[in-house]
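Note that chain A is present in both complexes that follow, paired respectively with chain B and with chain C.
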Partner chain A sequence: MHDKTLALTARALQAGEISSVELTNRCLERIRRFDESLNAFITVTGDRALEQAAAADRRIAAGDATALTGIPIAHKDIFCTAGIRTSCGSRMLDNFISPYDATVVERLSRAGAVMLGKTNMDEFAMGSSNETSFYGAVHNPWDRDKVPGGSSGGSAAAVAARLVPAATGTDTGGSIRQPAALAGVTGLKPTYGRVSRYGMVAFASSLDQAGTLTQTAEDAALLLEAMAGCDSRDSTSLDEPVPDYSRAIGEPLEGLTIGVPENFFDDGLDAGNAAALTEALGELERLGAKLKSIRLDNVHLSVPAYYVVAPAEASSNLSRFDGVRYGYRSPEAMAGDLNAFYRRNRGEGFGAEVKRRILIGAWVLSTGYYDAYYLQAQKVRQLISGDFARAFEDVDIVAGPTTPTPAFGIGQKTGDPVQMYLNDIYTIGANLAGLPAMSVPCGFSGALPVGLQLIGPHLSEARLLQTAHHFQRETDWHARVPPGYGENP
Partner chain B sequence: MSLDSTDIDKLCELARLAIPADEVADVSAKLSDIVALVDQLKAADTAEVEPMAHPLDRSQRLRVDSATEDVDRELYQDNAPAVERGLYLVPKVID
Partner chain C sequence: MQYEAVIGLEIHAQLATESKIFSGAATRYGAPPNTQACLVDLGYPGVLPVLNREAVRMAVRFGLATHCRIAERSIFARKNYFYPDLPKGYQISQYELPIVHGGYIDVICADRVKRIGITRAHLEEDAGKSLHEDFQGMSGIDLNRAGTPLLEIVSEPDMRSAAEAGAYMRTIHTLVRYLGISDGNMQEGSYRCDANVSIRPRGATELGTRTELKNLNSFRFVEKAIEIEIERQIDIVESGGTVVQETRLFDAERGETRAMRGKEEAEDYRYFPDPDLLPVSIDSALVDELRAGLPELPVEKRERFMAQYDLSAYDADILTASRPLADYYEDCVRHSRARPKLAANWVIGDLAAALNRADLEIGESRVGAAELGALLDRIESGTISGKIAKEVFEAVWNGEGGVDEIIERRGLRQISDSASIEALVDEVVAANPAQVQQYRDGRTQVLGFFVGQVMKASKGRANPRQVNEILRAKLG
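And then the complex of A and B:
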């Protein structure tokens, strides 16, 4: 049962073949057995999960269930959960008990999903390897000496190792898609504003978006239906109806035109990844899609533009962490003046990568540099967005790599931030342009999974999920379980 | 362009961050690498380009100007490092 998809598990629950309490116990048992070697969870909420599961079983018995009632899930520890620690992977929030639920948490809970716990992540979602977490690195279940990707690395590893059927994540520059690719799971980053950001600890507010990590596109469709929609508490959430994604994914693919950016397949792409991707694109063609070569001319500027815009917004967002109302306070904080108090609390509470980004953000926003960097980055963002808009005049979606290489070694890139940033070369464009995008398992480079990225126009989630669903009906890459994680419980 | 220790001091002051003296050299080297990366933006021709305000070119909704949330001070102050009589404690700011 543990290796079943969310959709199959839901059917088993509705048919009475298994109860939510049994299912939840099995997941908790798997977490106990495997998580010591993965470090995918920061907090496991076993007792509360069993209470929710019992309530879900009563709801199913009463005939009042949704598709998600009784399904165990995990939340990235960036989503506020009432009464439960929400650490954001940081010492700064190690002792923070959220007084309220994020909208994502509230909606999934209302649908009857059972929360197993909070997953590990890069500190404040700043990282591409899950190595900046205050709680230690997450290990990739395909090779525990390798990173699972980041920043939603705990969610990706937990789903890949079949500790939980599905998990939430957030994606500011690739933080759902990149770990999905490196851990061999399906990751969906919806359109900017599709899912409410209320209660999601803010990193870069014009880029952040919540999404899903699942085994399949069908599972992502079920979760997104429950998560998406306008929220009066997030004025940037889109006031657009939520389609029936589960129905849409079954519609035929015929007539679909897929743009393949030729400059995504350059020397920077690992040969094993390139081979798997070429094979996957051939499979999409066999399914009835037409491939068309395109160019995204400004994509090489996406990493530089991102590392101005995201740190600028982060330096502003993270100014709220001062050690006054909540969060870390240095034991020596009261010894000096107020300025020294802030500097100590923040200096000790934040890790090295977060501090670097705050400082870069302060620099690009400071007098004399604002126009040259921040304003220029927002103009380049427009150029990148324009490249996609032009491409979508001719093609329905864009397909290419999610990452340049498969998972790399733990510690391999931590000494060189710029090398780490370049992991996000293919994913950042979708964030800068606010587009929905997915990563779908499409093969292996050596023994490590490879992700196929699909990017669509605004609000085309149904199209992306449909493409991925058809691909997954013909391939079994998404159903592969890392060696050693296949057995029960 | 690169950032030296004077720049780092100024940025730490702006961002209210303390960085130990023995880490300043490493921070300035790494930030200089990041600056070299973002300097690539200067080569882009953006003379006729409007800076992006919103990825979907939308503006934010307005809502009715009325109080919708209750503030539970005790609950919120459960997370505070130090409070007294409902007030947050910080170092003395007025002599």
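And then the complex of A and C:
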């Protein structure tokens, strides 16, 4: 049962083949057994989960259930959860108990989902390996010496190891898709504004978007239906109806034209990844899609532009963490003047990567540098959006690699931030342009999973999910379980 | 050398919205500390600002009343700095694209009309308050005010004297209250101002180095601080020095301005567009709707009062200083057949004095406009004298009844029949032979003594004009 998809589990719950309490207990048991070596969870909320599961069982018995009622899920520890620590992977918020639920948490909870706990992540979502977490690195279930990707590394590892059927994540430059690819699960980053950001600790507000890490596209559709929709508490959330994604994915893949950016397949792409991707594109062709070679000429500018815009916004977003009202306060905080108070709280509360980005961000917004960096980066953003807009005049979706390489070793890139940043070269474009994108398991490079990225025009989630669903009906990459995680405890 | 001052003002007017500019928390003044601050105001992780549309409407109304251009698209920006009463570490304000810009207002100063340019007015949120007393070496933070909507109104450097600056500040104050967009309460900090002041040789076109004066929370302080600062700058230049660009605090008790400490380098606020808020779009339909809803503005009302009620500029100025006062006056005139000038005298004189003594606003007057109108009618018809009217007014004010009721109950009706007055005159003349002799010897000023005596004998009720006439006849 633990390795069943969310959709199948939901059917079993509805049919009374298993109760939510049983299911929740099994997941908790797997977390106890495996998470010591994976470190995917920061907080496990067992008692509360069992209470929610019991309530879900009553709801199912009363015939008042949604597709998600009784389904155990985990939330990335960036989503505020009332009464439960929301650390954002940082010492700064290690003691922070949120007084309220994020909209995503509230909506999933209202649908009856059971929260098992909060997953590990790079500190304030800044990282591509989950190594910047105050709570330590997460290990990739496919090879525990390797990273699971980041920043939603805990969510990806937990779903890959089948500790939980599905988890939420957030994606600012690839933080759902990159770990999904590296851990061999399905990751969906919706259109910017499709899911409310209210209650998500902000990293880069113009890029952040909540999404899902699941085994399948079908599962992602079920979750997105519950999460998406306009929220009056988030001015940037889109006032657009939420389609019936679960129904849309089953419709035939007719007349689909897929753009393949030829400049994504260059020397920077690992040979094993390239081979798996070529095979996957062939499969899509067999499914009836027409492949068309395209160019996204400004993609090489996406990493530099991103590392101006995202730190700029982050430097301001993270200013509220000052130790005045909540969060970390240094034992020495009161020893000096106000500046010393801030220096100690922030100096000790934030890790190195967060400080690096705050410094970069403050720098690019400074008088004399604003035009050269921040404004220039915004222009690049327009160019990249323009590239995609032109591409979508000819093709329905764009397909290519999610990452240049499979999972790399823990500690391998921590000494070289730029090498680390380049990991997101294929994913950042969709964030800069606000487009929906997915990563779908499509094979292996050696023993490590490879992800196929699908990017669509604004609000084309249904089309992306449908494409991924058809692909997953013909392949079993998404169903592969990392060795050692298959059996029941 | 003759110098002229160049002055520009930045006025912060708190907008009279029910809730804050980016959250649903109330804006009511004076609540216990930190009881009117929600998670958004407190800058909790994950919360987001949502713009209060009413604040936008108020800003547009101000722009329309000051001939500003209304931006079809304006944006909010973050002004980044650290301070404990600034919960997010940035203030949401407007920087490059303010909501309204490029207008003016006409100000009357020393009987001349002066046009003052309005560079821009933009929306922003207020910070909380830091309380440095009562906490024994620590500071208290009250975030009730955090997120309160402000309209920052920036003038062109068009003022040339402290008096002009004071007149401008008063004119804007009157205007925002007319528009109903701010209560203008200066004690509560709802209306405050910073002044940029520089001097230059009269006739020069280049601007001198300016200083910024802070903490100007009354009209009197603005004028006083600017006067002192102009003198200080002239003294510096006269003695061969140069004015340093700096921020100075006005100390009302010592009557001086002082440089603020610790500002070695200019602060860099790292402004950038706030990604949490969409650009503010204002279409022509909204502008038209708001324009149609504008009330009669102070300048228009003043001119109408002068024309319609035949009032002096002075009277019209005072009566139109606030909308409730002007409304009271017009209400009174409507309820009375008396001359509007008489009504103006009473509203500006006795009524204003009574309100002042009782520390009441016009809306709280214990003599209603209709009642005052009735009183004026009795004066105009000769039923009571002006002097008796004051007594009646006092009685109405003290809640003793209506005008006619009090006149009748106290027997205050004026004595106008000649026979009664003649009888009183005869008594007084008979009782004061010495003064009669003086009068007849040519010292006619003793007539006043006789008038006084007769009035006293009539308990003030005799018609003074008739008393005069009859006395002259009898003494002559």
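Convention: the second predicted complex is superposed on the first by the 489 of 489 C-alpha atoms of A that agree within 3 Å, B and C clash if a C-alpha of one lies under 4 Å from a C-alpha of the other, contacts with A are read in each partner's own complex, and residues count from 1 in each chain.
The rule is simple: a contact is a pair of C-beta atoms (placed from the backbone, for glycine too) under 8 Å apart; a residue touches a chain by one contact, two chains touch by 3 or more.
Worth saying up front: this structure is predicted, and the values here are computed from it rather than measured.
By the touch criterion defined above, A:236 lies against chain B and chain C together after alignment on the C-alpha atoms of chain A. In the superposed pair of complexes, A:206 makes contact with chain B and with chain C alike.
Of the two partner chains placed by superposition, only chain C is touched by A:370; chain B is not.
When the shared chain is aligned, chain B and chain C each come close enough to touch A:324.
When the two structures are aligned on the shared chain, A:356 is found in touch with chain B, with no touch to chain C. When the shared chain is aligned, no partner comes close enough to touch A:247: not chain B, not chain C.
With both structures placed on the common chain, the touch criterion links A:11 to neither chain B nor chain C. Contact with chain C, but none with chain B, is seen for A:86 once the two complexes are overlaid on the shared chain. With both structures placed on the common chain, the touch criterion links A:96 to chain B and to chain C. Residues 96, 99, 206, 232, 235-236, 315, 319, 322, 324-326, 338, 342, 362, 366 of chain A touch chain B in one complex and chain C in the other.
Contact residues on chain C toward chain A in their complex (touch as defined above): 39, 42-51, 78, 80, 82, 84, 87-90, 141, 268, 270-272, 275-278. Interface residues of chain A, counted against chain C in their complex, comprise 79-80, 86, 88, 93, 96, 98-100, 102, 197-202, 204-206, 232-236, 312-313, 315-316, 318-322, 324-326, 338, 342, 362, 365-367, 370, 374. Residues 95-97, 99, 191-193, 206, 232, 235-236, 238-239, 298, 300-301, 303-305, 307-308, 315, 319, 322-327, 329, 333-344, 346-348, 350, 355-356, 358-364, 366, 372-373, 375-383, 385, 416-418, 421, 432-435, 458 of chain A are the ones that touch chain B when the two sit in their complex. On the chain B side of its complex with chain A, the touching residues are 3, 7-8, 11-12, 14-20, 27, 30-31, 33-42, 44, 46, 49-56, 58, 60-61, 63, 68, 72, 75-82, 88-91, 93.
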